């Protein structure tokens, strides 16, 4: 009953999310032998002003480039 | 100091959420004897295109029916 | 496909956990009309020295009483 | 590689979030000696009708005052 | 800066976990084009008496077979 | 009612954890003006063989040095 919870920045289309959850599920099944039907994936978006690395938001980092 | 974090698909009204957090809190108190005031519940919505079971999003599953 | 993730302090028996997940599932079903089979609950223990309220760990608070 | 995941109620500006993630990162570094660059912080907002204490949502509590 | 947080039942070796995080990272990169170095994966084990589906713990379900 | 959930690798003493939760709580209060008593912090340890960056576990990275 594995559970895979993803956080990522916004900007993916529904098609890209569908591809992502499919790839992650297949990866889990390949690595562990779990039944696909037992794998749950949730995807949550965190805005670039709400995610920081080293104390700087991703929004601030993007603005500095 | 129990913490109950819920993820569910969208579509619940504020009244339904209020009922849900009340029910979950009461259930926790009943099962464990905790003080109600010590119980926190958070509810987060995950869209149907961002939740998958067996590699298919809930949106895709609903569309197939 | 609701997901209920609980964090609590240690000290519950397996029987108490079984009772807890049953109560939480029933509460969710009552409040929302979801199918029981669709409800996942995970329970994770956080030690009293790893949980704080107001900056004091639960371990420190217990010692002060 | 510490990960700090914050849930809070809405209403903070981007500037306040930037200040918050900076402060939390600095606090982590001060307490542990970790390298700042290794610290990730994510901030997620939970609406007042989706967070409860003692079974009452924060929205209901605010309305009662 | 994607973050992938996995919950699964115990019983995997360190080698299996290493394979799992490699597969999940590769899957994320394939689906999104992210840089591998930006992908974090954490794996957490939830015991079979602390995970329920439909109100029954996985431990209880295994015992019924 | 902010909630701060930390994941870090093992090896901190109870004193270091107490210092950490104190620092994080103070940082949150400084940045937002929240009441200290409203701030919860949980700390969870993720072993070095269960955390990966770029597909390599922290255990594997440490071994390569």
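As written, the chain order gives the labels A, B, C, D, E and F, with residue 1 at the start of each chain.
Definition applied: contacts are C-beta pairs under 8 Å (C-beta built on N, C-alpha and C of every residue); 3 or more make two chains touch, one makes a residue touch a chain.
Given the structure is predicted, the values throughout are model-derived calculations rather than measurements.
K.L.:
Compute the shortest path length in steps from subunit C to subunit E over the network of touching chains.
P.N.:
Steps on the shortest route: 1.
K.L.:
Which chains are in contact with both subunit C and subunit D?
P.N.:
A, B, E, F
K.L.:
Average the CA atoms of each chain to get its centre, and name the chain whose centre is farthest from that of subunit D.
P.N.:
In terms of C-alpha centroids, the chain at the greatest distance from subunit D is E.
K.L.:
If I compare contact pairs by residue number, which of A-E, B-F or C-E overlaps with A-B on over half of them?
P.N.:
C-E
K.L.:
Considering only mean CA positions as chain centres, point out the chain farthest from subunit A.
P.N.:
For subunit A, the chain whose C-alpha mean is farthest off is C.
K.L.:
For the copies subunit A and subunit E, give the interface type as same if over half of its residue numbers appear on both sides, and as different if under half do.
P.N.:
Over half of the interface numbering overlaps between copies: same.
K.L.:
Just the number, please: Cα centre separation of subunit E and subunit F in whole Å.
P.N.:
Here subunit E and subunit F have centroids separated by 20 Å.
K.L.:
So how far apart, in whole Å, are subunit D and subunit E when each is placed at the average of its C-alpha atoms?
P.N.:
For subunit D versus subunit E, the centre distance works out to 25 Å.
K.L.:
Which integer distance in Å separates the CA centroid of subunit B from that of subunit C?
P.N.:
13
K.L.:
Return the residues of subunit F touching two or more other chains; collapse runs of consecutive numbers into ranges.
P.N.:
1, 3, 7, 22, 26, 40, 42, 44, 51, 53
K.L.:
Every touching chain pair, please?
P.N.:
All chain pairs meeting the touch criterion are A-B, A-C, A-D, A-E, B-C, B-D, B-F, C-E, C-F, D-E, D-F, E-F.
K.L.:
For a test of understanding, state which residues of subunit B touch subunit A in their complex under the given definition.
P.N.:
7, 44, 46, 49-57, 59-60
K.L.:
Quick one: in the complex, what on subunit B touches subunit D?
P.N.:
Residues of subunit B touching subunit D: 14, 17-18, 21-22, 25-26, 36-44.
K.L.:
Quick check on the complex: what are the subunit F residues that touch subunit B?
P.N.:
Touch residues, subunit F against subunit B: 1, 3, 40, 42.
K.L.:
Under the touch definition given earlier, write down the residues of subunit A that touch subunit E in their complex.
P.N.:
Touching subunit E: residues 1-9, 12, 16, 19-20, 22-24, 26-28, 30-32, 51, 53, 58 of subunit A.
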